[in-house]
Structure formats: structure tokens, C-alpha cells
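Across the two complexes that follow, chain A remains constant while its partner is chain B and subsequently chain C.
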Partner chain A sequence: MKKSLKDFSQKKRMYGRMFILPWVIGFIIFFLIPVVQSLIFVFSKVSIGDTNFDTEFVGLANIRYIFFESAKYVDNLYDALISFSYSIPLVVALSLIVGVLLNQKFRGRIVFRSIFFLPVIIATGVVMTYIQGDATAEAMRSGSAEMSTNGIDVTAILQGMHLSKEITNFLVDFVNRIFDLFWDCGVQIVLFISGLQSIPEQLYEVCRVEGANKWEEFWYVTFPMLSGTTILVIVFTAIEVFTDASNTVMRQAYTAMQQQIYDQSAAMLWVYFALVGAILGLVILFLQKAVFSKWAT
Partner chain B sequence: MKERKLRLKVAKKKSYKRFTRSTAANIIFVSLLLLAGLFMVLPLIYSIVTSFKPLDELLAFPPKFFVTRPTMHNYTVLPSLLDNLQVPFSRYAFNSLFISVAITVGHILIAGMAAFTLSNCKHKFISTVFWGVQVALLFNGYTLGIPQYIIFSKLGIIDTYWVYILPALQSTTGVFLMKQYMDVSVPKALMEAALLDGAGYYRIFWNLVMPLVKPAWLTLALFAFRDAWAIQPSGTIFSESLKTLPVAMNQIAASGIARSGSVMAATVLLMIPPIAVYLVSQSNVMETMSSAGMKD
Partner chain C sequence: MLKKLFNGTLRPEESVLLRKNLTRGFVNFVRYFFLLALSYVVLFQLLYMISYSLRPESDMYNPSVVWIPSEITWHNFDVAIKALNYVDAGLVSLWLGQVSAMIEVFVCAVVAYGFARFEFGGKNFVFFLVLLTIMIPVQMLVVPTYLNYSHFDILGILNQFRQWTGIDLRPNIVDTAWTFYLPSFFGVGVRSGLFIFIYRKFFESLPRELEEAAYVDGAGPMRPFLSVILPSSGVVFLTVTIFSVIWHWNENYMAGMYMVDNKPLAVMLDTFSSAAKNVGGDSRNSRMAACLLFIAPVLVLYMFLQRKFVQSIDRVGIVG
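Right, the complex of A and B next:
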């Protein structure tokens, strides 16, 4: 009896290993080994041959270089972090609003949901490159162009209002990126809708019995119940924005890579990832401890 | 299952009542949605409209959004443009289709099997692996480009189909989605019952788990196909006969501004397959995403 049980659990373990093996092998070969190698690049001087490369350990020289000698890295890092500080909250807020709207019951909501999910499907690769590459489409995407707003030049208006240059730049940048921000929302909207649908109906019933209005209902029921989803959405948005090829740090690192300066490029990316990971971790910790736990009781 | 459906039905009826509003609120609500929806579809509509523009309208300044004299010229000229490509167009199309299908099917299988183990084993090692999966979600291709290239050349798969397919198979997003979905939607009691009835693990995986998590793998199919359809080789493929549709499109685009209408036409045609896959898997996407948000 005992023996057969042992056989059984051994068999189970063997099957478990067999099922996960193909993925683990792929993961190690195409992900883990490259990751470790690029980490080695950070601390060494790399010279690439045809099929091989030589690394020579140089300690922190690459990191010192990107921070103190490279012309633009610190500026790029700063720019990237600033643009994250507003684009992530904006994307999260936009998708929350649209998610709440789409969660209402109305005719044709399936069509609307599909429309909002559309960018997720088509906004990749070549298709996007050509939509963005077309001059007219580009002008249309950036709302400040003459044709789409009938000659209203946003920059001129803002300058006329005697706002400071920083604020003007920020607003112009924001208007220019409205399309991009909207197009970044697809998956987040779906996440919010599914989060909304998992809120128990009874809570709303209680609200109505107690005489709460819609506004109170949102802040005391919907928003707190969505805290888990919100954190997931923040993480998802952050990953999407941080790894987007168009942000300044990624572009600089990619250019360096094309010039075959692999060690510095690796250093740039690793410093960036470490920084971003640390900030993201702190933000989530703060949200969990300070904001959302308030409602938990 | 039946009971759950019934309950859902009742809940639906109830909530219909909840959302009766005043007319003013309805108008605000609808116009808000329409405005936001417009933002989403405008670039798409624009590229479709542009693909029907004759040359003089394409180059008109200031550019107009709508076409005044629509023409099919951009589409009818495509075949002759494609004749100028270095290898027959059908070859590019076949490559893209073959690679996309291979990646989609292979990825679902590999991710499903890995998720099956991750979801059922309560071993410490397993949770470590899953933690690795989540960290891996943070990384993207740029960091790994060069080391990966060296691995490709060591494996001897440069300039073959494998170089497209193999690295795409073990994408971590899929394992994450499938595992989360399996945790929620495959009852442990059902698996135990199947084991007692003498089903092997292969049978349980094929006949029990995979059908139950169909929404998850349909969603995965959508994402995998979308990414695979856009694959462009970067320095890993040299023979023209192994390149993909995006490369062919770049060649059309390279023939200058006079061809920009045809490029738009080709873009519109290229959008169709991912949209078709989406229409098939549409209703399942929402369900899968909801389980990704739940904590285990």
C-alpha cells in the first residue's frame, strides 16, 4: 500500500516536470541566459566578434560613464520620469472613467467595448508605423495641428495667456499625446470593466436603502472595491509605458546598441530598469499601505 | 453551472432597473462615450479613407480628412507593385501565416502545459518559478537582443524559420494568464475525481483542463497572433524567401511618396487577419482578464 502511494506521488512529480519542461527550457535559453549575460555586460568592456564576444571586467566604469560622461543620459532619465509622472495617472484615470461608462447597461455596449479594445489589436508593428508615419495622420493624431481644429493653434493660445514656459510645454505635450494616451488604454479598460463586474450587487442595494447618491456610491463602494484592480492596472500601465520604445531612455540605449556600444547600452537599460522597478515598488507599497487599507476596515 | 447562469440572468435583470436615469444624464452619458469612442477609431477610419484617395488628393495641402473622389486604384495597383518584389508576394504571405500559426499553436500548448503544473503543484520551487515569470513580464526585447543573437548563432538557427518561432514560444505573459485562469476555473475536486476514475495526466490536461480554460487560450491566441503577425526579422534572417509581410510592405513604401496610397491600402489589408482573430475570440477576452485580476 505504502509503496504504491510513493509510486503515485513519484509519477505525479514526473508528469509535473514533463509538462513544465518545454517552457522552462525555452525560458532558460532565450530569457535567463541572455538576462545574465546582459547583466555581465554592465560590468565589463565588451568586444563582439562574429559568433562570440569577449568581456573584460571593468567594475563600475560603464555606470560611471553613463552618469558623469555621457551627454544626455541623466537628462533623458529625468525627462522619462517626468513624462511617466503624468501619463500613468492619466491613463489610469481615463480608463477608469471609460470603464465605468462602458459597464453601464445600454444598447450596443458590446460594439463600444470592441471599439475601445480595437487599438490593442491593431496598434502593433508595421500597421502602427504607417498610421503614425503618414504626415496627415500624424497631424490629426496631434490635436494641435491646424486641420483638425480649424486653425486653432493651441501653443499660440497658451502663450497668449502668459503662462510660464514649463506649463505651456506641458500642456502642448499633453494635447499632442492625447491620442497616444487614449490608445494606451485598451487593456486597462477591460481590466476595469471586469473589476467592476465582480463588485457584489448587495453593496449597491445597501447604498440605495441608506439613501446615498450616485457620487457617494462611487467613492464609498465602487472605488474602494476596485483597489485590487487599480493596482494591477497601475502595474500594467507602468510596464507598458516604461518599456515603450519611444521613450527617451529606450531610444538612447537603442541608438547606442546600433552603434555596437553594447556595454554602455546594457548599463543604461539596467540602471533604468532598476530605478523604475524601485519607484514602482515604492508606489505600490504606498498605495497598499496608506491609501487602500483605509477602506479595508 | 446551470444554477450560476440562472443567477446571472436574475442579476442582469435587476441591474437593468438600476440604471434608469433622467434624459439629460442619458444625453451626457452617450455624448461622452461617443467622444471617447471617436478618439479610438479616428486613426483607423482615416487610414481606410486614405486608402481610397486618388493621388492628387493624397498630396493636397492642406490635407483633407475625407475623400471627395474615391478610387480603387490604390488596391488595383497592388498586384503589379508586388510583382516587383524580389520574391513572389505569396511567399511573404505564406511565411507570415505559417510563422503566426506556428507561434500561436505552439505558445498555447507550451504555456498551457507549464500553467497546468504551476497551478497544481504546491512545491516551493514552483512558486519560485512563478515569481520569475512575474519579474520577466517587466523586461522587453531590447535588453536581450545581443545575447540572444549569440545564442541563435550557437544553436545554428540563424536564417531559418526557427529564429522567429523558438524565442516567441516561451513568452511569459501567456503562462501568467493561463495560470491565473486555471486557479479560478478548474475545480480541484473535478481533477481528483478524474484521477480516481483512472484518467492519466495527459487525458486530464487534454480532455478536462484545456476545454475548461478555453476562454484563456482564445485570449492568448489573440495576443500571440497579433504579435506574431507583426514580426520583422532584425539581422537574424538573410534570405529574402524567409522574410515576412511587414518586410514586403517596407519595400512598397520605399518606392516613394507617390505610393503612399498603396501603402495605406496594404496597411488596411494587413489589419484584417488580427481583427478576424479578435472577432472569433471576442467574447472570451473579458472573462480571462477578470481572472487575471484575482489574487491567488
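Right, the complex of A and C next:
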């Protein structure tokens, strides 16, 4: 009896490996090998022949090039990181709010939910480029901000307040982006709703018995119970923003790729990725240690 | 009750009720206002596309035309269908993207089942690698991948063979559907990592008893998966399928790189402007018509599945 139990658990271990074996093979062929090759590109001079590519080790030359000789990389990197730093909190907050609202019982929520998923279908990279390009063109044609999404000439107001030009630009960009950002929220809202649904109803009952109000309910039950979903949403949003084709660094790297400068474009992307990854890692660590764990007790 | 409030004759229990009603009214107002405002952002864009795609180009310079076109014309759609090569490219999207989506939906479930139900050494590390595949963008991998596809080889075996015998058996799979089928088949297709994550969370929430019963009866590992897990996972399958279908339909980056002759719709849309110039007019109107034609199939599919999908989100339950 004992032997057969041991056999069974061994067998199950083998079954488990069997189930994920295809993935491991795929990971090596379609992920690990390209990743390593693209890392090699960063430290090499790449020349593409008809049949193959040759790499020649050049150390940090590519990285030195993009930082000190490339015309715009540092500026682009700065722009991308700035837009990154406000896009993510805004998208996460907006989709959390919408998720909570849509999760409540009220008349017409099915209709609203259907509408709020539409951005996932419509806001594909390509369609979005056409839409946004058009909105800008329209605003310029009519000579006013009439067709732009916010409709108020924020620039004039801010200039009237005698703020420095950088702050003005930042704020204008910020307001304009809020509406654009909503287009990036589709999947996140879905993730939040399904996270909200998995919170056991008993916790809310306890709250009601204890006499907590809705606000306390949100901060003491909903928010901590969503910690896992929130981290997933942050990571997902980060990737979306990070790989967005309209992103300045992405655009520069893509242009370089089209000119077949693979080594420098790889260096641009990897430096960018390493920076974003490091920031993201710190943010998640901070959230786990300082914010979410507070409620865990 | 309000009258009593102004007269100052409101009894205490009535005032509590009044406050409750007012709060509820206020919350409802804020909720609907907020949701309607955001719905407007989405629907505005859809109406904008429809309105612009139906009007002649001359309406652009007619200040009296805001939403309703002066005359309805199908000219823009004609241009868009020609420039997109709509039927052929649509078919490519189907056999390239959607077949790959179906493979992905099934394979990711199998892999996720392995993570959800079995214990083995290094499981957590391997799952970390799964999450890593979501985090590294395809843009970083696309060039080496392209070069590998042009001499496709599994773990260098065929290359060894070439060095020994001088015969190059490595196939060139660029511009074939294998560039999409193969990654999907091995569970590393378009955003497969996210799907494995979603499946795993769902499978872990299912009770184990039925599978255990199957094992006691002496079934192999595939049996419980096929006859117990699959039938009870309709909701999560629907969610993953919808995402996978949409993301495959919209995928234009990799397809633009790997496909030369058979370009799917998303790639055709990307290069629409230059194609439209050749067939009689690249205008905002024809661009909007092209966008509409592009999203139409997915939109129609979504309309049919939307009620089920919206309900299924409730039951998938992703817990961190």
C-alpha cells in the first residue's frame, strides 16, 4: 500500500512535467534563444549577410553610442519614462474605479460593461493611430480645440497663471492623456471585475455587522483583497505602455531597425527595458512590503 | 418629506430615512454621470468613424456638416475594400491568426493544468519564466527570431547535420503560417503567458475530488483533464478565447515582419494610406471606412457573445 502511494505521487510528478514539457521546449526555441541573441547584439557589431548574420564583439561601444553620440536617445528615454510614470498610476486608478462601479448592482450595468470592453476591440495600435491622427488634424483644420477631447484651451489658462513652460506642457499633456488613457483600460477593467468577484461575500457581511461604512469597507476589504490583481494589472499596463508603438524610444528603435541597424536598436531597447524593469520591480516590492502587507495582519 | 424638512417638523426616524435616500440618489448620480462620460469617449469614436466613412470628401469643407452627411455614399467603402484587399486579407487573418488562436487557447489550458494540479521540482521557477515571457516585448525578439525562422532549426540538430554532411535541411518558414502556428503550439504565442496565468488561477479554484476519482479508477493524466476539467471550464475558455481572437486579429507587428506575400488585414490596415492612393483616394473618410471594416468582424462576433462574456467575467475570478 505504502509503495503504491509513493509510486502514485512519483507518477503525478512525472505527469506534471509532461504537461509543461511542450511549454519548456517552446520557451527555449522561441524565447530563450532569441533573447540571448538579442543580448549578444547589444555588445556586438552585427552584419547581416544573405544567409546568416555575423557578430563581432565590441564591448560597450553600442551603449556608448546611444548615450553620447545618438542625437535623441537620452531625450526620448526621458520622455518615455515621464509618460510611463504617470500613465501607469492613472490607468490603474481609473480601471479600479470603473471596475468597482461596474461590479455594483445597478440598472444597466450589462450595457455599460459591454461598452467598456469595446476599447479592447477598437483601440488596436493601428486603428488608434488613425483615430488620433485624425483628431489632431481636425483640431488644426478648424483652428480651435473644438474637436479635441477635452474641449478647453488648457494651455492658455496655464500660461495665464505664469507657470514655467515645462510645467505647462506637462499639465497639458496630462489632461489630454486622461481621455486617451481610458482607451488602454479595457483589459484592466475586466481583470479588476473578475478579481472583485472572487472576494468572498462573508467579508462584507462581517464589515456590515461591525458597522463599517462603504469607504472603510473599500479600504479594509476590497483593496487588500485585490492586491494580487492590482500587481497583475500594474505589470500588464506597464507592458502595454512600454511596448506602445507611439512611445518615443520604441519609435526610434523601430526606425533604426528599418535601416537594418540591429545592434544599436537592440541596445536602445535593452537599456530601456532594464530601466523600466528596475523601476517596476522597485514599485512592486514597495507595494508588497509597505502597502499591501499593512492590511495582511 | 421634504416639506416637513423645511417646516422643521421632521421626526428623527424620518430624517435618517431622508438622509439615506439622498445619499443613495447622490451616489447614483455620480455613478451614472461618470459611466456615461466615459461611455461617451468610446461611443463618440465609433460614431465618428461611421459618420466620416459615409460622407463624401467634399463634406469635409462644408461647415454645415457636423454629424449628418449631406449625402450617404459608399464610395469610401469601395476604396477601402480595394486598398485593403479585404476578402483575401481577411481570409489570411482567419487561417493565420484565428487558427493560431484556437491552438493557443487549447495548449495554454494543457500547460496551465500542469501548473495547477501537479507538484514537481522547480515549478515556481518555471512559472516565473512564464510570467517573464509576458514582460519582455516582442520588439526585442523579432529580429533574431526572423533570422532563426529563415533557417529554422530545433536546438541546432539540423545545423550539426549540415556541418557533418554538407546538406542543409533547415527549412525557411518565413512567410508561412508556421511562424504563428509553431509558437502557439508550444504555448509561447501571442500573450500566451497571460492566458496560462488566467487558466491556472481558474483551475486551482475547481474542486479536486472528481479528478481524484478518475485516478482511482486508473485513468491516465489526460483523461481527468479532458473529461472533468474541460467540461467545467466553459467560462474561462470563453474569456481566453475572446481575448486570443481579438489579439490575434489585431496583431500587425510580427505579421508585418514575417509575412511577405500573405499579409493579414491588420498589416494591410497599417499600410493603408499608400495603398489607397493607388486606387483612387486616400482621405480621412476612406481611412475611417477601412478602420470600420477592420473592426467589423470582431465587433459582430462580440455582439453575439457579449452577454455571455460579460457574465463569464463574473465567474472567472482571478485571485492574486
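Here is the rule we go by: the second predicted complex is superposed on the first by the 241 of 297 C-alpha atoms of A that agree within 3 Å, B and C clash if a C-alpha of one lies under 4 Å from a C-alpha of the other, contacts with A are read in each partner's own complex, and residues count from 1 in each chain.
As a convention for this text, a residue touches a chain if its C-beta (ideal position, glycine included) is under 8 Å from a C-beta of that chain, and two chains touch if they have at least 3 such contacts.
Small disclaimer: the values here were computed from a predicted structure and weren't measured.
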item	value
Touched partner set for A:I261, first chain B, second chain C, both or neither	neither
Which of chain B and chain C A:I63 touches, first, second, both or neither	neither
Which superposed partner A:K105 touches (first chain B, second chain C, both, neither)	first
Contacts of A:S227 with chain B and chain C, given as first, second, both or neither	second
First, second, both or neither for A:I284, with chain B first and chain C second	neither
First, second, both or neither for A:I239, with chain B first and chain C second	both
Overlap of chain C and chain B interfaces on chain A (superposed complexes)	12, 15-17, 19-20, 22-24, 26-27, 29-31, 33-35, 37-38, 41, 48, 51-53, 98, 101-102, 104, 106, 112-122, 124-127, 130-131, 134, 137, 179, 182-183, 187, 190-191, 193-195, 197-198, 228-229, 232, 239, 242-243, 245, 250, 253-254, 257, 262, 266, 269-270, 273, 277
In the complex with chain C, residue positions of chain A that touch it	8, 12-20, 22-31, 33-35, 37-38, 41, 48, 51-53, 97-98, 101-102, 104, 106, 110, 112-122, 124-127, 130-131, 134, 137, 149, 179, 182-183, 187, 190-191, 193-195, 197-198, 226-232, 235-236, 239, 242-243, 245, 250, 253-254, 257, 262, 265-266, 269-270, 273, 277
Chain C - residues contacting chain A, complex	28, 31, 34-35, 38-39, 41-43, 45-46, 48-49, 52, 107, 110-111, 113-115, 117-121, 123, 126, 129-131, 133-141, 143-145, 147-148, 151, 154-155, 182-183, 185-188, 194, 196-197, 205, 215, 221, 239, 243, 246, 250, 252-253, 266, 269-270, 272, 284, 287-288, 290-291, 294-295, 298-299, 302, 306-307, 309-310, 313-320
Chain B - residues contacting chain A, complex	11-12, 14-16, 18-19, 29-30, 32-33, 36-37, 39-44, 46-47, 50, 62-65, 110-111, 113-114, 116-118, 120-121, 129, 132, 136-140, 142-148, 150-151, 153-155, 166-167, 169-170, 172, 175, 201, 205, 222, 226-227, 229-232, 245-246, 249-250, 253, 260, 263-264, 267, 270-271, 274-275, 278, 282, 285-287, 289-290, 292-295
Of all residues in chain A, those that touch chain B in their complex	12, 15-17, 19-20, 22-24, 26-27, 29-31, 33-35, 37-38, 41, 48, 51-53, 98, 101-102, 104-106, 112-122, 124-127, 130-131, 134-137, 139-141, 146-148, 178-179, 182-183, 187, 190-191, 193-195, 197-198, 201, 204, 228-229, 232, 239, 242-243, 245, 250, 253-254, 257, 262, 266, 269-270, 273, 277
